[in-house]
Structure formats: structure tokens, C-alpha cells
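Working notes for the structure below.
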Amino acid sequence: MVERESEDRDQPLLTAEGLGKSYGRLTACRDIAFALYPGEVLAIVGESGSGKSTLLQMLSAQLAPSAGRVSYRMRDGVMRDLAALGEAERRFLFRTDWGYVHQDPALGLRMAVSAGANVGERLMAVGWNHYGRIRDTATSWLERVEIDTDRIDDAPRTYSGGMRQRLQIARNLVTQPRLVFMDEPTGGLDVSVQARLLDLMRNLVGELDLAAIVVTHDLAVARLLSHRLMVMKGGRVIEAGLTDQVLDDPREPYTQLLVSSILPV
Amino acid sequence: MSAMIEVSNAEKTFTMHLQGGVQLPVVRGVSFKVDAGECVVLAGPSGAGKSSILKMMFGNYRCDSGRIGIRHQGVQIDLAKAEPRQILSVRRSTIGYVSQFLRAVPRVAAIDVVAEPLIASGVARTRAREQAGSLLRCLNIPERLWALPPSTFSGGEQQRVNIARGFISDLPILLLDEPTASLDAANRAVVVNMIDEKKRAGVAMVAIVHDDEIRHLIADRVVDVTSFAAAA
Amino acid sequence: MNAPAYNFAYLDEQTKRMIRRAILKAIAIPGYQVPFASREMPMPYGWGTGGVQVTAAILGPADVLKVIDQGSDDTTNAISIRKFFAKTAGVATTTSTADATVIQTRHRIPEAPLHSGQVLVYQVPIPEPLRFLEPRETETRRMHALGEYGLMHVKLYEDIARFGHIATSYAYPVKVNARYVMDPSPTPKFDNPKMDHCPALQLFGAGREKRIYAIPPHTSVVSLDFEDHPFTRYRFDAPCALCGAGDSYLDEIVTDDKGSRMFVCSDTDYCETRQKRGHLGSESAAPHKEKLHG
């Protein structure tokens, strides 16, 4: 288990206040507010057009909000408004303290560069200058995400979809981020591959004490990975609570519809 | 000394929006107390709301009104109004829940399913697995099954894994939903023993048991939930 | 005699002024690529238009110009450019490194050490060292601005993973003045150490890509490497077959169709100067293998 400062845990890691995004008269998101604490996994569930992807973009500082703000507690303990960060700071944050797992791993990887270099890039970006150590670290991360270490010199172009996704995860976790954003991390993968990936993610989140925000339309992913759940519809959060609360005791009509729509296997 | 659990006037109604908004009242006016070392059994016919009450006490079902008082880390808190974070904290260090059916993450080995609550509370993996192993042994689950996911087990075996998981950590409150259903006589006895041990250790327990004999053996008090049944 | 239609050194004065401003800016920010409005020149892109524009902007009537291509004064391109400036600027030209005030070069740095007061003008094809790894100009500009050079090390890492050593043998990336990472143009990595704390001014011109960059005299230029795979020059196993030099960059010359070859200095002026001073090598040496050491 990764040790984190105990005082950390009582302070929120990320907060959203009155967050919203509009494009002219079209409102993609409105009135989003929540606090995420260290080690918590929050799933944002909703169907296409619910605004969940827009929300994720705002939370990860890739899209400026039209209203409200997102604040993040930096490693030095200070709560900072993401909109007030300089570009250099934001990019640094994105590469060290945060991870971002794309639905399409090709967006989160350098496809033409070897797996080892993909995992090692963040290390080199923060000044690691010893080839042997970079390679050893990359090797141990490949083991951790269950990629055969013999493939360390192969480019992800030669990998299967599931392997690429696991490589993307390794690439993101190598700098020991405290917060990982995931956008439909299992979308587009075969069911058995999804299952393996979810198990891996669940274990890593636990071992590394990661906080995560996972956007998904798949309730099973939410149930498996997250502690808390927010249901979005029409740009708003219509229900929120503990994952098991929302899924076992849904209150809102839309949530009841979602839960009842899962086909039993 | 204040009670470990103090439920007062808890009420729950399901609103089925998909069925035209029909309201299904579950329970109303639920009130009872449980002290440390006590085992209170909820009794009543099927459908009376016993499981629902248990779930409300675990924070799995939300309360429409009323109070679920829990003594958490020395302080009385109202679970019905607690922040999600707090409920997570309560589940981690105060209340354990043994559900009626095992609901485990697929593909995880039985021994890891049982060890997980200990690991989550900070115990080292090897030691947690050792303890899990000895509990499973107590419950007559053969060692050759430990590395297998419990989804392949029989109903009785799954239930015993469930119990092991619920009993493994030192939580001061345990909620048990039919812990001995689908168990044979020998294993029923084992579970009754385990409940006794927990009682002696000062754990407050609330259980649902249909079997009169078991109820006799474990209950310090029986609470009849028919008095809490909400009007149809 | 000069055709009266040309301005001194071909470019009009306003253009020279613009280029000089770019050069001054480049000198003020060592290693930073300054965009400039590259003009149409009477030779196509890929033939040294960047270097020619830089030279044209800085030449004065008293300058002495040397032009080399792969170290040699007598290839077609070197001769062509030299004649171009002789015609449009009327300046004196030379093949001697020591006598020149401005040296325009393609892909080599002269062996003879440069001195203060000299200017070395490099012809550059692709100025952006990160281009092959990051095709977006918007991204590479940001990376330079923020000093984010992790990607450069990725390239070196890949080399070691694939070949066991850093395989880049020319255009080897360097860090200038401990700030900007720069492509030294396709000079062999053998020449990289000559750039470090050089007493001469080094200017780089890329005509097609429209960039100028510079290294002021006495500036630190460090080749990128890893702690456990440090930058090494390589040395050839045998000296130059013509002048016996053991420390210059050698070209391989095939002498017949039976596989005989000899290795001679790439820098023709250096070789000839040594021969004039009496240094001789064995004229036709047996085939040698290159080896990394030193």
C-alpha cells in the first residue's frame, strides 16, 4: 500500500463549484458541484449527450468552464483554482500528479515509439537521465500491468487493444499520480478483455491509493470500480451518492430507468 | 453507556417511477437500540422489511426520514444524514455486513475475497491471507478451493465465504442477513460459535434468522418488525 | 565585371536589415529558432538558400569568404556558392580556414580551430530537433518555450534499446547555453565538441523552413546523453592516407572495383595544409574498420 500523509485524507483533493459550460444558447453542463477526497473513485454515468465528457474535460483543465470553478490541492497542500494555473504549471501537473486514460489508447500513447519509451517518457520529462534505471522502472511497470516484458521494445502499433490500454495505464501511473481521469476506459474492448482490465484497474487503484474520476456509460464498470456515483442527464447531475446506494436504491426516474435497463446475464 | 446502535423512527418508501409512480411503503416508525455485546434478532414474516432495515443500517438503502444512530469512533453519528465519505469510513472501521447472498467481484480467489476487508484496513497481505485461511478452515472450506473464485461454489460454500469475509475484521457492529440459511447442521454450529465469540468480544449484532432454533441460540432480544410494517 | 543589376550580395538592403534583426535576436537567445521571411533565391530549396541568405546579410566588402560542402572547397555546390558571392558581392574568396572571415558550410565544421572574429554559417535543412517525434509545430514551439525536452531523450532511449548505443551519428542534438535544445545541422557528431565554447560566432540558416538560430562565441554546447551512456566521439582506426592526420574526420574513397579504399580527411583545406607542411600518409592504405572509442 502506498503511504500517504494522514492529514491529506481529510482535505478534499479536487472540488467543483457551480461548474457549467455553455456554447451560445446550448448548455452542455450546469450546476456541477462535488468534492473528491484522496483514494476515492467517483464514477460519472450517463448516456450520450449527458454532458459527462464535457465535465471530464473541465475537471482535467482541458476545457475552460463558462461558470464556476475547479480547484485542486497541489502536492504542497495548497488548493489552487485550475483556471489560475499558468500553462507550464498545468502541463507539469498533467504529466506528474495526474493521469488521463483515453478511451482510444492511441490518443494516450506514442504509437511509433517502443513500449519502454512510452512508459519512460514521463520520467525523462521530469529529468531522469539514467537509461538503465528508466528501463528497469519501465520493465517493472509492464509486469504490473501484465504485459510480457519481452515486448518492451515493441511499439504499441504491434499490440492488441487490451494491451494498448494496459500500456496507457502504465504510462500514466509511472509518476505516481494522485488523481487519474478515465474516459470510458473499457469502451471498444472485447468483454473478456474488459474484465481483465477492470480487475487490473481495481487492484492498482487500491494498491496505489489513487483517486479517480471515471466517465462511463456502463453501470457494471461503475459498480466494480467506484465508491461514489453521479448520474448525469441533460447536463445536470440528477442523482449522486455511494455507488451501491444509487444502484440498489435508485430514487430518480431516470436512474431507475438506467438500472432496470441492464440485461441480466 | 450509550448504545452502539440507536434507530429511531426510520421510514422508507419505494417510488416506482417506471410503474407510473406507484408508492411501495416498506417500513415506518422503526425504533430500537442495540448495545455492545448484544445480539438483536429481527423477526417477522417474509416481505416485512427486515432486510431493508438492515440495509438502511448499512447505508445501502437511504432513509426517507428518521434517524440511524451509530457509534463511530466514539462519536454518535446519524447515518441517515451522513456524507457519502463518512458512510465509507463507517463501513471501513465500524459496521460489517453479511448479506444474504454472496456478491463478490468475479474472478477473485475465495481467499482474497475473505482477506480483502483486512487488507483495506491496512493489514499486510500475507498476514491477512493467513487469517482468511484459518477462518475458511473453521468453516470447513477445503484448502483446494481457496484459490478459486467463489462463483463456482455451491450455495452453502458461497455463504460460508460470505460469513468469513464479514467476520474476519474487528468491527464493533455486525449486520447478519440469514447467516445460517443453506448451511448444514455442522456448519450452522460453527457459525453460532463464531457469533458467540463476537458477542463475548463486545460486538453489537443485528441478525435476521428464520430458523427458530438458531434464533434461540443467538438472540439476546427479539424485535418483531411487523409493528413497523407500513400501511399498504 | 559585375552585372550592375545586383545589389551588393544579391539581397536588397531592406531584406538584409530584416535578416540582421533576426540574427541579432538569435544571438540574444542562443539556440532559439527565430522565424524570418525567407526570400526567393536563385537556387532551389535544399541547396543552401538559408545559409546563403545569412551570408548575404552579413557580408561586407572587406570580408574574405570560404565555402565548403562536406568539408571540401571543390565540390559543385561549394564552387557554385562561392562564385555566386564573388559575382554579386565582389568579395575576396579563399580556401584557407585560417584566412577566412566568413565560412559558409554544409554538413561539416572545419578541423582547424576557429578564432574570434570569424563567423561560421551553417546550412540547415530541418531546424527542429523534435520534428521527427512530434510533427505538430504548435506542440514543438510549446515544448521549447516550456523547456519540455523529455521527448528528445525518448529518441536517444529508442536508439539504445534498438542498437545498444545512441545511434545518431549526425545532426546529434545539443543543449545550448543550458536552455534550448538545438539541431546542429547534419554535421557528424564527431564535430559536436567543436561547437562548445567556440571563439567564433556560429549562425544557422534554414531557407525552406524559414528559421535562423545562433550560438554566440564562448557559449556552452552540450550533446544530450544518458548518465550511463555518455556522449562519445569516435576515432578512426587509422590516420588520413594523404596527410597522416590522426584527429580529423575521414571520408572513405573507393579506389578501384576490387574493394580497395582509402580514408582521407574530409576537410580538404586541412589536409592540403598539412601536406604542405610536410605531413604525409601512406598513399593507399589497406581497408580499415571504424571503431568507437575515446
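Each chain carries a letter (A, B and C) given by its place in the written order, and its residues are counted from 1.
Keep this in mind: a residue touches a chain if its C-beta (ideal position, glycine included) is under 8 Å from a C-beta of that chain, and two chains touch if they have at least 3 such contacts.
Everything numeric in this text was worked out from a predicted model, so none of it was measured.
Touching chain B and chain C at once are the following chains: A.
Centroid analysis (C-alpha atoms only) places C farthest from chain A. Ranked by how close its C-alpha mean sits to the mean of all protein C-alpha atoms, the top chain is A.
Distance between chain centres (mean CA atoms), chain B to chain C: 77 Å.
For this pair, chain A with chain C, the centres built from the Cα atoms lie 47 Å apart.
We define each chain's centre as the mean of its Cα atoms; on that basis chain A and chain B are separated by 32 Å. Residue ranges on chain A touching chain C, taken from their complex, read 87-88, 91, 110, 113-114, 116-117, 120-126, 129-132, 134-135, 152-153. Chain B makes touch with chain A in their complex at residues 15-18, 55, 59-62, 84-85, 87-88, 105-108, 120, 122. Chain C meets chain A in the complex at residues 133, 142, 146, 148-151, 153-154, 157-158, 160-162, 226-229.
Those residues of chain A lying in contact with chain B across their complex are 1, 37, 40, 195, 199, 202, 206, 224, 227-228, 240-242, 244-245, 248-249, 251-253, 256-257, 260.
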